[in-house]
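To keep things simple, chains are lettered A, B, C and D as they appear, and every chain counts its residues starting from 1.
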Amino acid sequence: MPIPTPLSGVVPPVITPLTPKGEVDTASVRRLTEHLITAGVHGLFLLGSSGEAAYLTDAQRLTALESAVDAAAGRVPVLAGIIDTTMARVLDRAADAVRAGADALVATAPFYTRTHPVEIADHFRRVREGAGLPLFAYDIPVAVHTKLPREVVLDLAADGTLAGLKDSSGDEGSLRRLLVALRRRVPGFTVLTGSELTVDGALLAGADGVVPGLGNVDAHGYVRLYASARAGDWAAARAEQDRLAALFDLTDAGDPALMGGSSSALGAFKAAAHLLGLIDCPATAAPQVPLDAAAVARVRDRLTEAGLL
Amino acid sequence: MPIPTPLSGVVPPVITPLTPKGEVDTASVRRLTEHLITAGVHGLFLLGSSGEAAYLTDAQRLTALESAVDAAAGRVPVLAGIIDTTMARVLDRAADAVRAGADALVATAPFYTRTHPVEIADHFRRVREGAGLPLFAYDIPVAVHTKLPREVVLDLAADGTLAGLKDSSGDEGSLRRLLVALRRRVPGFTVLTGSELTVDGALLAGADGVVPGLGNVDAHGYVRLYASARAGDWAAARAEQDRLAALFDLTDAGDPALMGGSSSALGAFKAAAHLLGLIDCPATAAPQVPLDAAAVARVRDRLTEAGLL
Amino acid sequence: MPIPTPLSGVVPPVITPLTPKGEVDTASVRRLTEHLITAGVHGLFLLGSSGEAAYLTDAQRLTALESAVDAAAGRVPVLAGIIDTTMARVLDRAADAVRAGADALVATAPFYTRTHPVEIADHFRRVREGAGLPLFAYDIPVAVHTKLPREVVLDLAADGTLAGLKDSSGDEGSLRRLLVALRRRVPGFTVLTGSELTVDGALLAGADGVVPGLGNVDAHGYVRLYASARAGDWAAARAEQDRLAALFDLTDAGDPALMGGSSSALGAFKAAAHLLGLIDCPATAAPQVPLDAAAVARVRDRLTEAGLL
Amino acid sequence: MPIPTPLSGVVPPVITPLTPKGEVDTASVRRLTEHLITAGVHGLFLLGSSGEAAYLTDAQRLTALESAVDAAAGRVPVLAGIIDTTMARVLDRAADAVRAGADALVATAPFYTRTHPVEIADHFRRVREGAGLPLFAYDIPVAVHTKLPREVVLDLAADGTLAGLKDSSGDEGSLRRLLVALRRRVPGFTVLTGSELTVDGALLAGADGVVPGLGNVDAHGYVRLYASARAGDWAAARAEQDRLAALFDLTDAGDPALMGGSSSALGAFKAAAHLLGLIDCPATAAPQVPLDAAAVARVRDRLTEAGLL
């Protein structure tokens, strides 16, 4: 299906449910997909950071994406992460995603290698040319250790290389400057924020939508938040965001002496989705450390406080 | 004068006008102070990063602060930065600020040395105990290379060490979680954002006010933005913020091959204030590189576009 | 062939020659392999950072590795980089490398994702268990943004997970502490430095050998340096290292306004190998920016100064 | 006294003994100074990072420096750190150091503020011009978050701004390239490494000497290491360095859950000096966390293993 211009609303970065043995649990992918669409999300983003793309083999990625595309059945667009180090490898991932039926692709700047703005621009141009689907840039310095320069995004938006941006940089000031500049230069360009704790502010600033990891846990909340913002009811949007920001405390469930913050957050999203009955098994991919019982209890407490359990 | 609880509104981090020879231009300090108060700001923050505190001797800092306190004449509270590496040195700066008549103090986490959350908390407790004035924490990782941990701020707020926070971390997601937690635990605590490009969103999220470097250039704009937000007119607040975000482009006036981004931004604030007639001389402190004529012309263009010239 | 314990000497991280169209130039891989072995190197490391592994597809990696294994013909051990984001993906790369006939594998800590020492240790244990060949850890924070903790390396050395370490961290102080600790606890463990500018000091400190990117350009120089050090002729080792350090200036050939430092260095290694007749074409993989004629002239000047042309 | 050209040998960064109440313990400063000179050091560096300069008031700095200058009595040159954020403040510190009788000054790049190579060069030129004593650059990115660019150091060496460099960057590869370039362009320029774990390698590479924090604990060891290296007995130099590297484990005495690594290291140096009878009290300046009894016991164990107790 064609991607709307701009793509607006709530586009959760879908977690990838696994079986206890670590394989993709396609039944749970389908159930979760169905749940999210029923909750009113406006698109799905598979194989992003929340989808544990960095932990999945190419075969596992393909399986997860195919299941989601099939379950979505054209009701909302499916964006697919094509996360790999540089252009040639990213194009291999793109070919898989096209085969699986994705509607658009999401690529980061080169990583592992050190890079340069000129190389980043060329990277996206070659990926767009080779991949044959609308392309979103995924600005995620915490993972790739490069911030997409504002001028590079503007140029790639203006020349049609990029259909949109998923901004997970956390740099809201730079995002604001970009939004102001885009309005003048490339009005239809999609900007989705990945900063799930400041969605009300981002929508007020003119972002088109949000890609919230926490949306796996409370999709209804983000859909309500988006609807309030679109209706101009900023007080309601703010209250919903406050509730979701408190819920986000579940990402701190894991003991920092035992695991990294990323494992804690991904583990908590999955534990929550499991407690809510959305997926069959809360396992994250190795070598992430699983949440222990105390951590899961903390996740449960947050869900209860938020009125979800 | 006592600091309001919370301190709300627009509190510009006042630039420090210098003479062509590099001395503090007290007449311009007074003129700028008068201008800002007339524009409706709710407080003044002297000797912060925008005030070039890192470039001024102790004597120069004292001169600038005394002039501003005298010119303010109790009409708005004057906060004074007491920027130095660690506790004992910060207390010397605090003694100067008390002598100059500041109403409150603003201190960062230790810098130059590597530190630890336990040490940061102890640092603020000892500074508060030794200094005898209300204390604000200045969270500015770009300068001190440590982000104030949310739990440390919450503890220091709860036990009365801190009266408030100036958040220049740019981490709006963490700020949101802090605001939600403070509302539950320490309702009167002041939170001012230093992120001048996302003030509408920060006020929507519950921040009490803003410390905008750009407020030296367009204080009226920030005062209008704050008033719109307080009135719940978020569309007006957003439009004002958009205009200010475009104006902020003046900070890129300097050629990055010739100077750093900080010198460009501080130089641009001073060039703009000079072009607007608020100060007599646009000089920044050495060894910052002065803006050349082409850069000043770019500043002038931005002022013209923003309707200020 | 079995890997010596420890693996000592010069083990260049072999560049991957490409055709003008960007395919692996297997004839040049073979010629370069022959040249390096003839020059007296003690092993070959394929598909590392100098090998542009991050830029090559899985198929290209396999082709390059198979060609080198075949050309080496068992005369020296061939180590293969299995660079990918995390364990499951790394195991897919390992299966390819085993199939291509590698003698040992070289893996980094997880990247793209944020990780934790406990997870890093588990990552290496699972890779070792799944891969079936001796495993070297590749400590390269500039690429993966995590420094391997000394205690993790010691534990993985002691329990037999790791056969050795390639230390490209540039943290010579930490390396020294590791070498001192290994001598007490795990005497046969291999430590190779990837810091090609301080090989004399590293060998003096007890490192077993070196993995020098510049060894693609002047393998004889590194072989002489190693031989001098082993003979205890530290004055000769130092003089050779000084000459090689001057030669290393060729990595600055590219204009930093046009390309990144990594592209400049890899481009210069390939330009030099091409000028020396070791490979047919100096092309680097896209989206790296090719060296222009002026840059190639600078590379030629450095080769001439070093007596190689 | 005039500084030798180059300044060679062991120049410990002298710790600043404090009383239990946190004042400078001048008697211990004198005793430690005497001990170090008797041990054969070739100079003293007061008010560096190991001297806790960042924690001392201007008055305390002056007291410590005056005591050391007086105790040294011209037997070895005394270098004084003039650590402050930027030029004008650094010049105030320089005036104090001149008054106290220092023989040379040691300044870092600007910190707290973001800077630029052009500004860094200008900073050192203005400090040198204003200060009236030979000036050493202190390259310490871990504190100031800028690495001194090699070309800047070369230019400032060539034009006489700098008499030397104290390299605490830990970047031994860059140091090697600098040493090779200096030999061609500015032969008399002093290079001292601050990397106390790789002194044998640095001296082999051509460094003139070392500024070892651990030299406060085992000055004799570093003097022997230097003498062995000068005599060309690299095996002896290496063995001594290995012993000192093992001793350096005392810097890990503090519990990382309770304090930062810097506090642990400075606390351990002082605890060791106290256990060895060199100073009266092991207190570090607040807000550093003091070592607890278990940590002091670990320091004692390391001293015993190293044969110092």
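The rule is simple: contacts are C-beta pairs under 8 Å (C-beta built on N, C-alpha and C of every residue); 3 or more make two chains touch, one makes a residue touch a chain.
Quantities reported herein were computed from a predicted structural model and do not represent experimental measurements.
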| item | value |
| --- | --- |
| Other chains in touch with both subunit A and subunit C | none |
| Farthest chain relative to subunit D (centres taken as mean CA coordinates) | A |
| Subunit B and subunit D: spacing of chain centres that average the CA atoms, whole Å | 35 |
| Interchain centroid distance [CA atoms averaged], subunit A/subunit D, Å | 48 |
| Shared interface positions of subunit C, touching two or more other chains | none |
| Full enumeration of touching chain pairs | A-B, A-C, B-D, C-D |
| Residues on subunit C engaged by subunit D in the complex (per definition of touch) | 170-173, 176-177, 180, 183, 195-198, 200-202, 204-206, 232, 234-235, 238, 241-242, 245-246, 248-249 |
| Residues of subunit B touching subunit D in the complex | 22, 49, 54-58, 60, 83, 85-89, 92, 110-116, 118-120, 122-123, 126, 142-145, 258-263, 285-289 |
